[in-house]
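Next come the structures, one after another.
Okay, so chain A shows up in both of these, paired with chain B first and chain C after.
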Partner chain A sequence: MASVVYFLDNRGRPLLHRDYKWDIPSTAVEKFPILLLEKSSNGDAVGSLEDGSTVPVLNSDGVHYIYLMHKNLYILALTREDTNAFAILCYLDSLVRVLEGYLKSLEEESIRDNFSIIYELLDEMMDYGVPQITDQKILKEYITQESFTLKTMFRPSGSKKKPGSTTVFKERMAPSAVTNAISWRSSGIVHKKNEAYLDVVESIDMLINPKNQILSSEIHGEIKLRSTLSGMPELVLGLNEKFMNSCINAVKGLPPIDNTKKSIEVEDVKFHQCVRLGKFESEKMISFIPPDGECNLFSYRVHSSTLKPMFLIDYKVRNHSNTRLEIMVKVRANFKSRISARKLEIRVPVPRDVDSPKYHYNKGSLKYLPNESVILWKFHKIDGAKEYVMIAELLLPSVADELELNKFRKIPLNLKFEMQGFVTSGLQVKYLKIREPKMNYQSYPYVRYITKSGDHYEVRVK
Partner chain B sequence: MGDSKLYTRVKASDILTELNNYEKKPKSSVYRKTILKKIIINMSVGDNEVIMLISQVTKILSDLGPTDSEIKQLCYFYLTNYWRHKQEETLHALPFIVNDYETNKKTSDNDTCLAIRTMASIHIANYLNSLVPILEESLQREISGKIRKTAAYAVAEIFNVNEKRDPESNRRLLMLLNDMLAEEDDASVVSAALSALREITDKSDTLKLSIDSNHAVKLANSLTGCGEWSQVSILSSLLSFISQDLKTAAHLIDTVLPYLQSENSSIVLNALKVVVYLSHYVDNVLDVFPVLPQSISGAVANLLLKPAEIQFLAMRNVILLLLDKPALMDLDIRMFFCQYDDLLYIKDTKLEIIFLLACQENMDMVLAELQEYALEIDVQMVRKSIRAIGNLAVKIDATSDKCVSVLADLISNSIPYVVEEVAIVARDILRKYPGKFDHLTHLLVDRVDLITEPESKTSIIWILGEYSSSISDSIYLLKKYAANMLEEPTETQLALLTAIIKAHVCQPYNKELQGLVENTLKDVTQNTNHPDLRERAYFYWRLLSAKLPNAIDIIKPRLLKLNTETDALSPDVCEELNLCIGTLASIYLRPVSQVFRHVKPDRLVDSPALVHQDLKSPQVRAKVRRSTIRSRSSTTTSQQLGNPSINRSRSSSFKLDEIVKKLSLKK
Partner chain C sequence: MGAGHLERKLRRMFKIPVKGENSEFRSGLVSQYSDERKDTIQRVIAAMTVGKDVSSLFPDILKNIATHDLEQKKLVYLYLMNYAKTNPELCILATNTFVQDAEDPNPLVRALAIRTMGCIRVNEMVDYLAIPLKRTLEDDNPYVRKTAAICVVKMFALNTKLCVEQGFLDTLLSMLNDSNQMVVANAISALLEISKMGGSQLLNIDSRIMKKLLITLNECTEWGRISILTAMENFDTSDVTEVDHIIEKVTPQLQHENPAVVLSSIKVILKQMDKVSNDQRERLLRRLASPLCSLLSNPPEIQYVALRNIRIILEKYPHILSNDLQAFFVKYNDPLYLKLEKIDILVRLANAGNAALLLAELREYAMEVDIELVNRVVNVIGQLAIKITEISKKAVDVLYELYLNRSSYVLEQLVIVIQNILRRYPKKYLPTVITIIADLNFDDLSNTESLASYIWIIGQYSKEIPHLEDKLEIMALQFKELEPLVQAAALTAIVKINLTKSTPKTRQFLQKILNEATTEIENADIRDKAYIYWRILSTDDEELQKSIVLKRLPVLESTIDTFSPLLLKQLISEISNLGSVYYKPAVTFIKPKAENEALVNNATLQSKKLEELQQMAKSEIVNNAVKAETLLDFDDSEENQDSAAPVDTPMGSIGIGATTGAANILDELSDLFSGMTTQPQPGTTSSAIASTSTSTSPSPAAGSTSNLFELINQQKHKTITGSSTTHDDLLNLF
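Right, the complex of A and B next:
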């Protein structure tokens, strides 16, 4: 697997590294910045290092460079063998997430502040180049050093103060969770209030053409569980039958039941490792012992043929002899009038360096964001079946750049929104039963439904 | 405050004086810890002057190590970094580490593991002498799982060094590891033992890792009980299992299949690897597992939601599968449509996949999308999508009309780089469908002035030469090019020379051409220094002056039909690459032997259950059973671990590179 893991700053200089196999000379990492430039698929190699055009796997002189970028850092693994490169990359990704968890924000400064704890983590997370543990909760239980976050005040980094008294006795002992069968939960957890919150969140990604036809759409659903439950609670989650059947078909890989038009087509059902898959298939039950705190219990993807665009966009742009632009956007909330969407944000791309924008609009607020080159049209709330228009007049810089004037029109409009109280896939939570066999306490489940835009809810314009 | 203020380069001598100053002061331990951190920081950024301070560091270790685990850890880290250069001094630390192990082995797993790890990475004889008995002790069953895991990796780490020192103890350690495979109940320990054994066997010529069917089933069943990275390790070890019958292979696929849904991408890809590998041992695998295409495609769709780097690697593997076993997947091509803000290398790879997935049924959608890309601002993306449209026209006969009309549409805007790129793809299209798309030629010829880039120029010159009789301006244009011939790159010069001669043999009585031929031949033979060019000119000259009746057959032979079938990889390469899912070879899309000179390439091992089935065409599920079942000659000289079975054969090198180049669009 990996021979050595490096953290490099944005110019490719090492901040710290952990060597696991000692079979790669330190000259190899010095070559990395040069390689990045050489192999940049962006023909003109003059560009900066950060343009992200170089593939994440490079090789030179028998050394393979597998890296990813995080903010202004390169996290790089080197290896000599034809090893499982994919696993290494996934490990680096998990590494970033673990460190983010520890340091709040992973950047040059925080690496320097916490180099000692990072070494300790690197030591635990990988042994002889093979990934070991990347689960934050487990790691937190036996990495004893405290991290120094950029915001908190001084605390000696060797101090072993920890909130709560139970953990003190376990210091520097691997928690039973590392080798236990239920690796995601330690025994002996006690909470004052026993509560469980279920969030059903569906993010919709959609690509819409100028005629308001859907080019592609996908619903990514997630059921998130946030629980503060004592002991080893046994939970059973009940969903509506139609959705459940479709899930089981997806897991078993049977073709979707297609007797009615309204059937749900669920794909890629994924459970948190705590869910008993056997029971799910045989008894149609989602039963599990949850990890303490937050977890992604269940995720799925739905292809819905009946899904319609949530918002209809009409877009026109007029160029007045390359000195002035007029952009008109009309938005229509394409859902029933009793429903409303919150936090609608429409990002309308404009050319760079436009001047003194003037707006005419009948709802929301408008703002020019120069660093994104967009005009942001924000609605606090928009009711169904309503229609609003805005017109933005922009002065163009005196030296008009033809290219720029074409470019901004190729960028799709991006929409963000959130709707509460329902989800579009047809999923319904029927019940959440909580039972702790030994303690038998009372507990309260809460359920919330949220439909929102994914990262890519976009409308192309002509 | 954090430690970032310590991030400065310091001179070793300064640190030394600083240390001596603090020696006498009270609370020296706090100061010494700070100094130690400075040393480690300088080591981290690659300033190796601190190497001189090793005796100071060992002193800090023995003074403060027992009470402060952070100090201990940093000192250990220092030692593993520098023991090579200061072996003598490193020895001073050995008693401390051994003592550390002895005091902690019953009480603290973490400290014990740290001690073992540290010793394992210091390869000095004395260290090994102490370590080997420790390892033998730590691998025993009653020890905690975490220590046994660490010990297993430690065995792999010292194996090669120890082999020279004390082969006998190495045998013992190896047997202990091997026993763990069979007897161990803790799956995460088993996975560590597997990783260690794999590491050892990969580097050894005489040792081989093999797994029998009982054991393989046991391993697969143990997947549920262990952590994510142990799952990765166990899954990849299943590739060392050679299924002897259909039933076991099918059972394993069934067990592994749910892991395609895992949250950890690495588990997903390794599960995929196992499924693809085992599918070789299941006759009619798609009838047995009708779910496969859907499950795999679902897994792929999920991987596309990950960060760009992971997406990229995943898609490289999708390409790999598409080349050989498209039937195993049922992908929705729209998944691979580019997002506006995708990184360039992601867009590139997506284009390649779109190209591979394109077929007659989805062509309208694909062309609409590609045309969209061809109107983008990014020149590279434009060129690549035009290249893709052109290649599609050649690949799928039935849709060539549509493709060409899109191309014609694109050049009508007369954007130079668009015209240039169309000129390049036009050559292959015209070759594939002679006489069908003359209007494309005319469109290009009308915009010939826009073409300046050498490759495009060469291409348009070839077209002018080949179809000179049907292009009215051809002579005029060739003449124009010939006027500046000597300033062109050699490639273009060669093409131009050939084109002029070709035009001449097609219209031998054209006075204008005769003159052009004479001038060009004279010009080239007298004024050029390039041997190839000059010799080709002489060759043509003699051929023409000999007045052979069949000169036209030599100069302008009938074009061979463009064969798109050569795009397919040879079965050997596919077989090998299929076993490489997730590895570096899959990313470079090259066989192992080309990337790694010393690595043994993996081949499918023959077994009664091995079937060769055609998974190439999504519809046909034909299969051919291997007619003869060769008896496996066991290599008796080698020591076998587990059950005897693996034969790894060397494969010859291939020209895969070229094929991939052809497939992939211009880089």
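Right, the complex of A and C next:
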């Protein structure tokens, strides 16, 4: 697979690397920034490095460059042979996530400050180019350094381990979990309180046109499990039948059961590796031994034909002879009055470098964010069926160029919000059975439902 | 330790040059306090990380190797790996510690020792590696065994002979029966890697091993699953129950959260797809749809590779995603390369049912600021109009609207698209689009392809063009400076115009162009083409001239690029690998490992690879030629196709020589091999012969020439036997 993995800064200069096969000279990486420019998909137009317009798989002189961008960093793998490029990219993605977990934030500074733990992880996560262990929880059991343990070591709430308990002893031993059939959980975990929390979270991505019609929508759902359970508990999760059947259909590639408009169509289902995939299909059962702490048990995608926009947006902009802009945004909460949404944030794009914005509004708070070129309209809470208006007056920079004035109107409004107590797909958790064969303790699960916006809940304005 | 730390920080803050850093390190490394030693080692590694040369510290670092501090040990090992090559003789001193560590009671230390030993690429070390490696391969602890399995690959790379002699490869094979899944998975990864290095298939999967793999698949880590799925690709069976079993065990993996597991599973399933009943295939394809779409809920880089693969799968199974158009809609903050890929997929998913939705979406994208994107969108709208008749009117309206609003962005591309639309719907949208062309002048365009299209349209629809003579005049004046592609188009156009709408002025342009083309142009194809036209025009039979030059072109069915069947088959077998991203088979970009010293004794294997490459090239050309047989009648092309067909079995069937008759033609055509990428180069006469076979992309200038050939065929003259003799024959005809 990969011969060497590099971390590069935003100009393509190496920050740290780990060579696995030593079959690629170091001159190869020096070529990377040049390649990025050369093969930029802008064609002959001169692209800049930062705009990320170069495809993530490149080759030159028999060396293949496979990279992904994370914040301002390039994470790059090189190889000479024909290999599974997709798996390498996925590995790099896992690598980023593990390092984020260890360092809180993966950036130039944190790489420089934590090189020794990064080397250790690189050594453990990949051997001679073959990915080994990328499960953060397992890695944290035997790759630790005090310097970061104190700050970021994850502790599930409610399980404050006494000093000198099992973990300390384990630090220097390979956890059995590394090579167990159950690679995500060590044996011998003890918690004082045995609890399990389920969060059903659905993120809605929507693209809405100026007439408030939905152009495309997607619901990404997730069931997150946060558990502090002792021993090796066997869990079975029960969902409402309608949803479960729809899942099974999706998995088996069967057409939806009833074609009435009201039906919910689950399109894709993904499980955490702890879920027994075979059993799900054959016995319609979601059974598993969970990892300790938090995990994304189950994720799914739902297509709903009955979905309506959560907020109706009315947008108008008036340009006063290229010196002054007036933007009016009206928002209406398009749901029943007894429901309310929290943390609504509306990002209204504006041209770059506008000056002294003035606002008129009847709820929430307004703020101009110059580095994003947006006006942020924030609500703490908004009740259903309510309607609010804001008008922003902006002075344009004296050298406003025509292109810029057109460009900002092409960027859609972005909305963020959160609603509790229900999910749009109709998923319901019926039960979560917890059984630990040896310890036989009692434990009761807690369930929460949250509907929120995805990264792309957007309204086009023109 | 704290003080040293502070000092370093202060130094950095005030940018005080560190005097004799290495000597400072050296004294730190031999300090009597272990804390200080460890701190110094860390600083040395830090210096190494930023690219400073600290190799001179090798002996001092080595003194710190015997330690119980695991963290320190790792750092020292890391240093050794990086600098072993600079001090090979000193490495001997470390072997003792390594061998000892490989027997440490702590499995982590044992694994670390064996892992690191394999990374010290010094002959002295390799000799000592065999014994601890043998021991750790049989270790009680699976963590150690799985590490040792990978170490066999390292040893194979360092000293192939020793590795084979010591029987490590057999040990690996026996590890397939290990009780621990991760060991099995790593043994498989190791065998796959070694097979790749050695160029021969070590892992012969039979039904028994396959069963074992299918069981292990469900139990091991995500990366182990990928290795196992990769190994499964090599398994071939025709037993229906076995096929069912594989599909049954692999399909649950489609729900795995790691996208690479999903794509590898899809690959294994696709491989079995031809062996199942039609019913089951339909069901399976439906099942693959949503996992494919879900590959798009990942970072853009992963999405990109996923899309490239989806494009390949779509070509094999065009209907697989017909209900998922919206999943491929562009998000405004997608990187440009991703937007372009998505748009390319979108048009392939278009059908009569969703075309309107797609067109509306494309219209939005056309309003973006990025020129490249907008041009691609224009192109795709054209493709859509040609593919789906029902939407063509609306699509043409959108194109016209774009012309009115954004002509500075889209003009060049628009002209090309208009040409294609006219070739698909010769009359239907003429009034709308001709107004665009009528407004244009020769100087408005600069892109070669756009110019050629523009000239073709003028030639074809000369009656609809106002101020025709002015336009032709500029063309005639600049004729010599034009690109060959444009010249070819200009030649055809001026001849056509003289047969349909001849005026004294156009005759004058014709004379000038023919003169220049036959006397002053270097390009042989243009010259020949001009000669042919000249001879045709010299005959008195105007009807014959018209029937040759003005023959109607076949209607364009599609302008969407496609792979040749052979390439497609190869790409399907390379899904998720590099080849699937480049759209080229691996043999075209992976060099045979001539530089790998370890494999020098495998010289025969390398020549095999080369032969295979040639084979591949030949068969591709033969394939193209076979399809072109209406134009070029090779006597023995049939046999050649048969003999060259089994190229897809990677290592097998060496030495199938193409018969000599075809080989000559192959050599002649071999430069066309580059044409197997998806972009053919229309224009010149000879490539026109090939491009009509590989792609449906338009080349009207060439098209009219091939019409000529067809006509001649119809007139029952003898068949043309080779491109080099073509023109002589032709000239004789007249």
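Following the convention adopted for this analysis, the second predicted complex is superposed on the first by the 423 of 462 C-alpha atoms of A that agree within 3 Å, B and C clash if a C-alpha of one lies under 4 Å from a C-alpha of the other, contacts with A are read in each partner's own complex, and residues count from 1 in each chain.
Note that a residue touches a chain if its C-beta (ideal position, glycine included) is under 8 Å from a C-beta of that chain, and two chains touch if they have at least 3 such contacts.
This is a predicted model, so every value here is computed, not measured.
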Could you say whether A:Ser105 touches chain B, chain C, both of them, or neither, answering first, second, both or neither? neither
Which superposed partner A:Ser365 touches (first chain B, second chain C, both, neither): neither
Does chain B (first) or chain C (second) touch A:Phe280, or do both, or does neither? second
Which partner chains sit in contact with A:Phe86 here, chain B, chain C, both or neither? Use first/second/both/neither. both
Under the stated touch criterion, which partner chain does A:Glu458 make contact with: chain B (first), chain C (second), both, or neither? both
Considering only touches as defined above, state whether A:Asn114 meets chain B (first), chain C (second), both or neither. first
Which residues would you name on chain A as touching chain B in one complex and chain C in the other? 14-16, 19, 21-22, 41-43, 52-57, 59, 62, 64, 67-69, 81-87, 89-91, 93-94, 115-116, 119-120, 123, 127-128, 130-135, 142, 145, 172-174, 178-179, 181, 183, 207, 215-216, 220, 250-254, 267-273, 277, 296, 299, 301, 403, 406-407, 410-412, 456, 458, 460
Residues on chain A engaged by chain C in the complex (per definition of touch): 14-16, 19-23, 41-43, 45, 51-57, 59, 62, 64, 67-69, 80-87, 89-91, 93-94, 115-116, 119-120, 123, 127-135, 142, 145, 172-174, 178-179, 181, 183, 207, 215-216, 218, 220, 250-255, 267-273, 276-278, 280-281, 296, 299, 301, 403, 406-407, 410-412, 456, 458, 460, 462
What does chain A use to touch chain B in their complex? 1, 13-17, 19, 21-22, 26, 41-43, 52-57, 59, 62, 64, 67-69, 79, 81-87, 89-91, 93-94, 109-110, 112-116, 119-120, 123, 127-128, 130-135, 142, 144-145, 148, 150, 154, 157-158, 172-174, 178-179, 181, 183, 207, 215-216, 220, 250-254, 267-273, 277, 296, 299, 301, 403, 406-407, 410-412, 456, 458, 460
In the complex formed with chain A, which residues of chain C make contact? 42, 45-46, 49, 51, 70-71, 74-75, 78, 81-82, 106-108, 111, 115, 118-119, 121, 141-143, 146-147, 150-151, 153-154, 157, 180-183, 186, 189-190, 193, 196, 218-223, 226-227, 230, 249, 251-260, 263-264, 283-291, 293-294, 297-302, 304-306, 309, 326-327, 329, 331-332, 335-337, 340, 361, 364, 367-369, 371-372, 574, 576-582, 586, 589-591, 596
Contacting residues of chain B [partner chain A, same complex]: 1-4, 6-7, 33, 37, 40-41, 44-46, 68-70, 73-74, 77, 80-81, 107-111, 114, 117, 120-121, 144-146, 149-150, 153-154, 156-157, 186, 188-189, 192, 195-196, 199, 202, 225-229, 232-233, 236, 257-258, 261-266, 269-270, 289-292, 294-295, 298-299, 301-302, 305-310, 312-314, 317, 334-335, 337, 339-340, 343-345, 348, 372, 375-377, 380, 580, 582-588, 592, 595-596, 599, 667
